[in-house]
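Structures given as structure tokens follow.
Each of the two complexes below includes subunit A, the first together with subunit B, the second together with subunit C.
Showing the complex of A and B:
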């Protein structure tokens, strides 16, 4: 095998390894709902911005070596003023505006038609989900059942230490704080199974404290939830 | 012991603006949390403005006023130091740096606290 072929294989292998993190059941870059899509969009904006800035800096750096005369007219004061202050201020302000606009989309503000609410309680080291829309006891452990295509408010709390509810393909993280209720609003655009984890270190069982979100077709949701609750009760 | 040519108390002007900004930031952050807990965001004060929003705006304006006053005083100190300095002597660096530092505190107050005018406060 020639040297260039080995080099090519190495480059492709490293690229493959690097991009392997862009997909998978816990990938924020493969959103399955509007909340996760907003977060992913912010990430892409930041990536695009950093690539452009990197290219500008490396371009100037290269010019300084190979065409120093082109840059000789720029005074030290202007380098500091525009390169160090103006450019960074503009970039940070644009990012801030993007983050504010996208962040506002994630806020679970009250709606005229109240969305479906489910309770999520974290305790060492399981997630317990209950469903106020169901009469009587309604508990599912480590599996959250939701209807696909509908807005769902997950009311998150904890009965011991601070945990964090995070299903990366559906929404951002939200802390589960004892004695306090936080709400994360999510929608699964299509029926499917989505994974979630505890995103706040909560003790020796933290890495095992994961859960699954199953989004059912809306017409099959009530029956699927009733079956899941019945199965939990008989266990 | 040899006495320093620059009294230590003059150094405080370097950080004064940012101390005011940090105090305003903490006050606004605490006010936000207290207001959300007591439901001030759903209590209307006047003209559709909630008690929460009004409180945050007042805290922002107070921080802006404090940092601006410090920036103005820093500018005056710098102007006075410049006129006192002999032409051959180096420029009064400490006063200049204090003025620039206090200007960045004003900018920090605007960038980090002015969004209280528009952003959702609770939920």
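Showing the complex of A and C:
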């Protein structure tokens, strides 16, 4: 086998492993909405930076151990000042600014055009979703129906212990705290079915407390929701 | 009369000192108070708990190895993972670092023991009994099962009706008594009990690490102790502190828990980093560089660590701007950490490093810990945290930080210091394969969890489906876990072999420059036959030469006198010899006292609330009897301390260790009180279902009466101290002080019974109840202190020169008056605050 063939196999193998290692119906690294996508991007940037920093620190330590003479020209003061303080400060400052800006974009602040709001209530061990946009009782259990491509604010609370609403491919998680209402803003770019789990430990049923988010094409949303609510009441 | 005892030859001196200091044989061992003995007991016990925690981890990994595993059901699994976290955090990591500090600090600082030897023993027994209660509960199938951070309301009575949560709250609080005792003792010992000449800036760096750690414990543990008390009161008596339907809030628990929980991480990490800062320079053959920068970094880290607890709560719905502040503080911790790492690199680069086994483990520490630190910075970024929080990514991160930051350095420390403990050199055969098994096993187990976490696997699920790509990662984790366990087994075997077959050696095998190597090995009970003088940084000493001189009695206190256990206390900053501390001898009192506390804890656990007053009374009686054997009935004046110098005993000095002990006890207590105030105001500001149905009418008469009584109690005790200083009798003033306290207690109890609304009706009433009860409890103890001072004076232990008992009392009375006044005033103001809150809504 030629060297380039080995190289190609290696590259394929590594990429294969990476893709195989990162996808999945609950993977934060296979985003299906803008919130999850920007956080995934933040992760890849932080990962790259971390690998570089890790290599620098461990490399310097190893070098200082095996070849101290190579580094002996640098005074302790400079090591601490530049390695310990300057390097970490610069990296942290840049990261903090980026993360803050991103966070500000993701939080559910009031919009001129108020987005669709849905209620999510965690209860040992089911998720109850209701829809203020629908008149009359509107309940779907363990399935949340949303229109695809639209901004949705999920208002999350709990009627017993703390749970956490998390659909990793769409957005980060938000805790369902009894007596409080928290909001997570999400968008599913395309119609489809997205899985979600309760992320905060909530007793013996914690593992089974999962749910599904179904994103419908916007034009079919109202009908689909009405059907789902009707199916729920006849059950 | 005050003549220096004559100099003996080293062997005779050794015999005499050993006769005084040794712990005894057979059942007398139960009365041991010696720090060498207790330090070893702490570390061995902690290691046993580590093994138990490790077995629990293996059960977890067995369960998660494959999808749909039928090995355990959810209920069992919940107990297992809760216990794994609880055991590792509270019964392994903290006691292990306490044990190391208890064993090594006096040796490194050049003292014969810690400041309060009986407190060391009390702490050990509390730890052992508390830990045993928790383990026995697990064997009985009623282990805590709400997760190691015990979030309410899951851990409240309605959702955890069994005794499981009570086991956690009571057992852990019992163990925590031991942690706070150790922290106070370590702080005072470092500040006061050092070798003459060892100013603070000459202290070996481990002393600094432990000083900062112990102070963090003094301020870090009380919020959790308070939270545990409140939750236990809620569970037992239905006071709704955390019940959102009655004005409580589960967020309060989260705040108080993490207010403890985050500093806890640094409390665990710093001593281990301190060990690295001691070992690495020796193996680099170059004194630690950046000594002062490291001290500054430690202090910065301690301050930062109290400002970042909210980063465990990024998903609980706190406003983003507030999160940004905590996010920045969390990321900034990387800077002091970086300072330490680069100081180590500089130390290596300017030295002549040699490869020894501890160095291998330090490499392991660095690789694992730096990786964990980097994921820590990632998790400090709010948006990423929203995804990664509560997933296996966090599980991976916390194990990288804690195992990397604590277990690896402790293994390095074990290989470095075991010769000091056992007097034998390592066999060196198994430590290398053990390292590779541990290192590879660890990374295989936990590296995978980063990926499973990012692929959406939440924490604390007991099983998972096969179709989401978590299966092979989990299987690898489990295989890695078993490799890791084999590594630890090999480590244990290696240590046993070293104990049994290791080669004895003369002194200082590493060529270290610290005082613990200037001792005979294994060290004698009295540590140093005479105390050293330190004239340079105490990690650059010639340990070999000093060892011989000290054994020959040529330092301070190089004699045995009156059967006294003597060591020297120095001026806090300069290290100038200040006074002689006469330490108490072996005693069964710590054991009896901790058994009485255990009786109290168990009667609460089994809900014998009325009966619990019996062991509680017993605790009080026993506590009062602790001083029966200590004290001095005549003024003695300065006595010789060797090298032609004289110093008074600690009974005749203003800043004796016990006085400082009370100061730091009150710091801890004050933190608990501040947490209570925070809780009261937090519920008022944030909790749902306010205002309360009724606020009660406390009026002004009762509060004013209580405030006057407090002022009188504090004032009369100051008059008692002044009268005593002039040579007069303080008895009348002390009697008045006790009477004032009793008046305060009576009025407070009246208020609690007649003015505060039913405390089960709303968190408002419960908070008022607890505030007033806090003041009443402190005032009753104030009466006890006054009575105690009265008795001590009558028995002749107190004179114008020997005023310690009265001045310690004064600290308590002033504290009680201050906090009591704040508590009462807050209760008076609460109705107005409620009205304001209602207006806001």
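One rule holds in what follows: the second predicted complex is superposed on the first by the 200 of 235 C-alpha atoms of A that agree within 3 Å, B and C clash if a C-alpha of one lies under 4 Å from a C-alpha of the other, contacts with A are read in each partner's own complex, and residues count from 1 in each chain.
Going forward, a contact is a pair of C-beta atoms (placed from the backbone, for glycine too) under 8 Å apart; a residue touches a chain by one contact, two chains touch by 3 or more.
Only a predicted model underlies this, so the values are computations on that prediction, with no experimental measurement involved.
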If touched residues of subunit A are counted for subunit B and for subunit C, the larger one: C
Contacts of A:50 with subunit B and subunit C, given as first, second, both or neither: second
Partner chain in contact with A:28 - subunit B first, subunit C second, else both or neither: second
Contacts for A:171 in the overlay, against subunit B (first) and subunit C (second): which applies, first, second, both or neither? second
In the overlay, answer first, second, both or neither for which of subunit B and subunit C A:100 touches. both
Counting contacts the way the document defines them, which residues of subunit A are shared by the two interfaces, the one with subunit B and the one with subunit C? 92, 96, 100, 103-104, 107, 183
Applying the document's contact rule, which stretches of subunit C touch subunit A when the two form their complex? 74-75, 78, 146-147, 151, 153-154, 159, 244-245, 249-251, 284, 289-290, 293, 297, 315-317, 320, 323-324, 327-328, 331-332, 334-335, 338-353, 359, 363, 366-367, 370-371, 374-375, 377-378, 381-391, 451, 454-464, 467-470, 473, 687-689
Provide the residue numbers of subunit A that touch subunit B in the complex, in ascending order. 92-93, 96, 100, 103-104, 107-110, 183
Residue set of subunit B touching subunit A in the complex reads 111, 115, 119-120, 123
Subunit C touches which residues of subunit A in the complex? 20-29, 36, 38-39, 42-43, 46, 50, 53-54, 57-58, 60-62, 64-66, 68, 71-72, 74-77, 79-80, 83-85, 87-89, 92, 95-96, 99-100, 102-104, 106-107, 124, 160-162, 164, 166, 168, 171-175, 177-183, 195, 197-207
